[in-house]
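Next come two complexes built around subunit A: one with subunit B, the other with subunit C.
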Partner chain A sequence: MSADYLDGNALAGPLAEIFTTDVSAAVGRCASCGLTGPVASLRVYGPAPGLVARCPGCNEVMLRLVRSPDAAWLDLCGTACLRIPMESAEGNSP
Partner chain B sequence: MIRWRAARLVKVRDENPTARTLVFDVPGWPGHLPGQHVDVKLTAEDGYTARRSYSLASPDGVELTVQRVNDGEVSPYLTQHMEPGDELELRGPVGGWFVWRPAVPAPVLLVAGGAGIVPLMAMIRARRAAQVETPFRLVHALRSPEQLYYADELLRPDPAVAVTLAYTRSAPEGHQRSPGRLTADDFSPYVPADCYVCGPTGFVEAAAALLVELGHDPARIKTERFGPSGD
Partner chain C sequence: MATFTRGFHGKRRGGDDRLPPGQYLTDDFPVLSAGPTPQILPSEWEFTVETETGQVHRRSWQELMALPSETPTVDIHCVTTWSKLDTTWQGVSLDVLLEDVETAAEYALVHSYGGYTTNLPLEDLLDGKAWIAYRYDGEELHPQHGGPARLLVPHLYFWKSAKWVRGLQLLNEDSPGFWETAGYNNYGDPWREQRYADD
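Our next item is the complex of A and B:
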């Protein structure tokens, strides 16, 4: 595997096109090895033909995102779950 | 939903022979946290577009510091050809993980490799502006004195922000530390801290591993990598 990768911080912009909440700050669990950590810490390869985010523990693919002119394809089958931080009722983010 | 906004260049500042800071006017900019970045889009006359992510260098306004990569698609334009009055498209702010919040009182350790100083400088500037007591320490690895950005701010002694410049190849005359890679000595004394590490991928891996070796809690180490070229 090449060392030529970015990290999940680079997913923040492309994912912000789809979601109203910042998914790069979410904590995800790898469906393959169970490692839990922020989406921002994933190893990201791309950008062409799409962004591929791999688990920093086992290197399995956790997320794939391909953008065409009129659609976004998001594959999360390698992610068991996401804990997405939301603004609390007091209006402060955690 | 995030959208592309028109950004007009209003001011440029050379940081060193190959990097410059660009200050943009972005109508409707919602503000941002230090550490966040923007995506920049350039569109050629034939419709071809190129996108890059750049960290915001200042806690206020839209300031980007761009390192020129000679065979890059975007950075030569930004560092050599774009002039005040010219426009580009950008969207942001994005990235809510690699950020420092002034309300958090925990000591902060910033570790920068080369151009990785940019988002950390936004944190230092925010720390100075916020009038808080949070201890800040910056360990900045850079190849040579010519690579330094923000020289007037980083060379000025400031009791609130301890700065260690770690030259890896050549140091200025009289510099106490001899040139070489970061070592444990650059980080002593050990103080538990929220750590922010930014730089090229290889640097970030090595620096984060060193911090863990020194006893830092991996859960408190946040990292941001850019590609080997940065463009």
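Our next item is the complex of A and C:
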């Protein structure tokens, strides 16, 4: 196996086009092996033809992102859950 | 100074008439990858064809080498907009590999070592349009370009020419592959610029 990938920080810019929060700072759970860790620790292949982020534990695909000139396709099938750090919602509580 | 119009030159080598819309020419052979490069020894390699009825046909590397090969020279077109003209390959035509396979399937799902898949109509693999290629430019196919063997389907965008090919699944229903389920076009004809799902 060759180490021809980047770390998950490479996802920060492309995902910032879609999410209002920094998803690379989130913690994700691999749907395949259950490994939980920061998105920044994923192994990212690409960027062309698309970004493919793989679990550092089992190498299964956790995220795919394809960007055309006028659309983005985001596949998170391989991510069971993301814990995304958010601003305190205290002020919005009933 | 004599001047010539394009019309008197015939088919220009490297000319625009061989370049699909939106493509540029390159002399390099860029490597694009969606995962780690599998290191498959020929002694471990096998190619399977599974029909829609579940019949499985297997061929070892040794059996592949014993089949008649061809040396196609073809232009290849990557969806990321590079094209490369007159690439030279050696491989076995899918016509030969599917000769003894009884099927009424209309679609194929190509499987690779490493988990990559891509789909195409079965007819796009037949009639001299596709090969299992194991040599490129006179040398063994390097793993980063899909060695020991890759599919070669040059009339479609190059993501259909699956690297590290390990088999075909013949299907009655179309089943989109790795990039086809993530925004890329289901067919991928470079001359119709079918890059993305909605092209």
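Everything that follows uses one rule, which is that the second predicted complex is superposed on the first by the 87 of 94 C-alpha atoms of A that agree within 3 Å, B and C clash if a C-alpha of one lies under 4 Å from a C-alpha of the other, contacts with A are read in each partner's own complex, and residues count from 1 in each chain.
To be clear about the criterion, a contact is a pair of C-beta atoms (placed from the backbone, for glycine too) under 8 Å apart; a residue touches a chain by one contact, two chains touch by 3 or more.
Since the model is a prediction, treat every value here as computed from it, not as a measurement.
Taken together through their common subunit A, the two structures put subunit B and subunit C side by side without a clash. Once the two complexes are laid over each other on the shared chain, residue contacts for A:4 go to subunit B and to subunit C alike. Of the two partner chains placed by the overlay, only subunit C lies in contact with A:73; subunit B stays clear of it.
Residue contacts after overlaying the shared chain place A:50 against subunit C, while subunit B stays out of touching range.
In the superposition on chain A, A:22 makes contact with subunit B only, while subunit C stays out of contact range. With chain A used for the fit, subunit A forms the apex of an angle whose arms reach the C-alpha centres of subunit B and subunit C; rounded to a multiple of 10, it measures 100°. Contacts of A:40 after superposition on the shared chain: subunit B is touched, whereas subunit C is not. In the composite built from the two structures, the nearest CA pair linking subunit B and subunit C is 10 Å apart.
Residues 4-5 of subunit A lie at the contact with subunit B in one complex and at the contact with subunit C in the other. Against subunit B, the residues of subunit A that register as touching in their complex are 3-10, 12-13, 16-17, 20, 22, 24-25, 38-41, 47, 85, 93. Within the complex formed with subunit C, the subunit A residues making contact are 1-2, 4-5, 45-46, 48-50, 52, 54, 59, 61, 64, 66, 68, 71-73, 75. Here subunit C touches subunit A in the complex through residues 31-39, 78-80, 115, 144, 159, 179, 181-184, 195-198, going by the rule given at the top. Considering their complex, residues 1-2, 37-39, 51, 53, 91-92, 94-98, 201-202, 222-228 of subunit B touch subunit A.
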